[in-house]
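What follows is a set of structures for review.
Next come two complexes, and both contain chain A; in the first it sits with chain B, in the second with chain C.
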Partner chain A sequence: MPEIIIDMPANFKYVPGVRVLVARVSQAFGFNDQEACQIETIVDELCNNAIEHGSREESQMVRINCKIENEDLEIVVIDSGTRKSFDLEKTIAGKLKLMEQEEQEGRVGERRGRGLVIVKKMSDHLSVDLSDQKTAIRVRKRKAGSL
Partner chain B sequence: MVKITIEDITGSNIKRLIVTGVMDNADNNEFTKSVQEEIKKGNYYFIADMTRVLYINSSGILDLLCSKEQLQKYKGGVKFYGFSRNLYDILEALGLLKMIEVYDNFEECQKAIYSLLPG
Partner chain C sequence: MEQALKMNLKELPGQEKIKIVEIEGAIDSTTVIEFDKKMNEIMSAIHQPGIAMIMDFSKLNYINSTGLTKLMGCYTGMIRRSGVLKIANSAKNIQEILNVVGAAKLIKIYATMDEALKP
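Coming up: the complex of A and B.
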């Protein structure tokens, strides 16, 4: 299966190039314009998250691993952050609830955490793997019309 | 990079903000900064033309929300038009269409912003 591995220094200035590259490659494998735009957003948010919370020094790297398998694109973004625990589903559910409240009350409120909510909404599967030396966020995006 | 151009709307104290480029982590809250500069001059009502925005992420969205927060202090506001379908989808996915008020075109924005004007 086609696979791309990108090692990027942990600096925000590299992210636009990487997100566009992955989006363009996905189009070459049959993802439509809307899906490619969503893939660009997913890669962007995960990379920014990895730099903000994981690999905080530019000397550290963020790895973006993309595999295309049949109708699916799997994106794994790995940083060198060591989080003791991270309940992804609970974090996103909590954030969504807070955002709903803010929306109803018309206030901006909590400033962080919308990135993972975007990723959750735009992907078909989202999970996290924690180990002593790294955090890997795994996303699966399926082509429209596939089962 | 994002560029904000500010135009007067003839016969009103409403300003049009023309946003061009990419609103991401590199944009450094340029939208809110532009609004803040106008607030200092006593301008509180804005229509934002987003037709030239190529991309927006959560950081860019936060910039838009911060500008709204600033304007609320002065009972002002900002209305948006011209988001591409893909960018509109992101706002919709986040349930932000009540906070970031998007209209079909400039004229609809104008009607909405007039409702905020005192008197």
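Coming up: the complex of A and C.
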């Protein structure tokens, strides 16, 4: 199965090039324009999250691992952050609840933290693997029309 | 590939209550500080109520969650000034992300600039 591994210094300036690269590669494997835009967003949000919360210094790296398997693209973004616990589902559920509450009240807060919610809504699977020395966020994106 | 941010404030003759902000490129983690700074400059010059700020997104190719947070700040800022924020000409990918975060339910979004210019 085709696999791409990108090791990126933990600096936001590298992220635009990486997100566009992965999106373009996905198109080469049959993802449509809308899906490619979603993949660009997913990679962007996960890389920014990795830099902000994980590999905080430029001397540290963020690894982006992409695998194409049949109708799926798997993206794994790995940082060197050592979070002791991170309940992804609970975090996203909390943020979604807050967003829905704000919508009902006719306002949208200026706080940050929508990135993982966007990733969740644009992907088919989202999970996190924690270890002593790294955090890996794993996303699967399926082509339209696939079962 | 053009990802840098360019912004231009445009005012129409005889339409002092309309301010058009043309935005080109991307609003992401590399450009968001510049976006925020320029929008603060533009908004701090608004001292009268009833101003419609129209963001022309026809040349905006990307926005992420960080950019959306600042965009929401502009929305709130215009409400505080008794004005309104409108968006015109957004591409499908921009429209999708506005929908995903619920911003499209609050900000007035128009397919064309002509529609956005109507009172």
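Quick note on the criterion: the second predicted complex is superposed on the first by the 145 of 147 C-alpha atoms of A that agree within 3 Å, B and C clash if a C-alpha of one lies under 4 Å from a C-alpha of the other, contacts with A are read in each partner's own complex, and residues count from 1 in each chain.
Note that in this section contacts are C-beta pairs under 8 Å (C-beta built on N, C-alpha and C of every residue); 3 or more make two chains touch, one makes a residue touch a chain.
Computed from a prediction, not measured in an experiment: that's the story for all the values here.
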So, after the overlay on chain A, do chain B and chain C clash or fit? They clash
Worksheet item: After lining up the shared chain so the two structures overlap, which partner does A:3 touch, if you call chain B first and chain C second: first, second, both or neither?
Response: neither
Pick one for A:58: touches chain B only (first), chain C only (second), both, or neither. neither
Q: For A:121, decide between first (touching chain B), second (touching chain C), both and neither.
A: both
On chain A, the footprints of chain B and chain C overlap at residues 12-13, 15-16, 34, 37-38, 40-41, 44-45, 48, 99-100, 102-103, 106-108, 111, 114-115, 117-118, 121-122
In the complex, the residues of chain A that touch chain C are 12-13, 15-17, 20, 34, 37-38, 40-41, 44-45, 48, 99-100, 102-103, 106-115, 117-118, 121-122
Per the touch rule above, chain C residues touching chain A in the complex are 1, 3, 26, 28-30, 62, 64-66, 68-69, 72-73, 75-76, 92-93, 96-97, 100-103, 105-106
Within their complex, chain A touches chain B through residues 12-13, 15-16, 33-34, 37-38, 40-41, 44-45, 48, 99-100, 102-103, 106-108, 111, 114-115, 117-118, 121-122
In their shared complex, chain A is touched by residues of chain B numbered 22, 24-26, 55, 57-59, 61-62, 65-66, 68-69, 85-86, 89-90, 93-96, 98-99
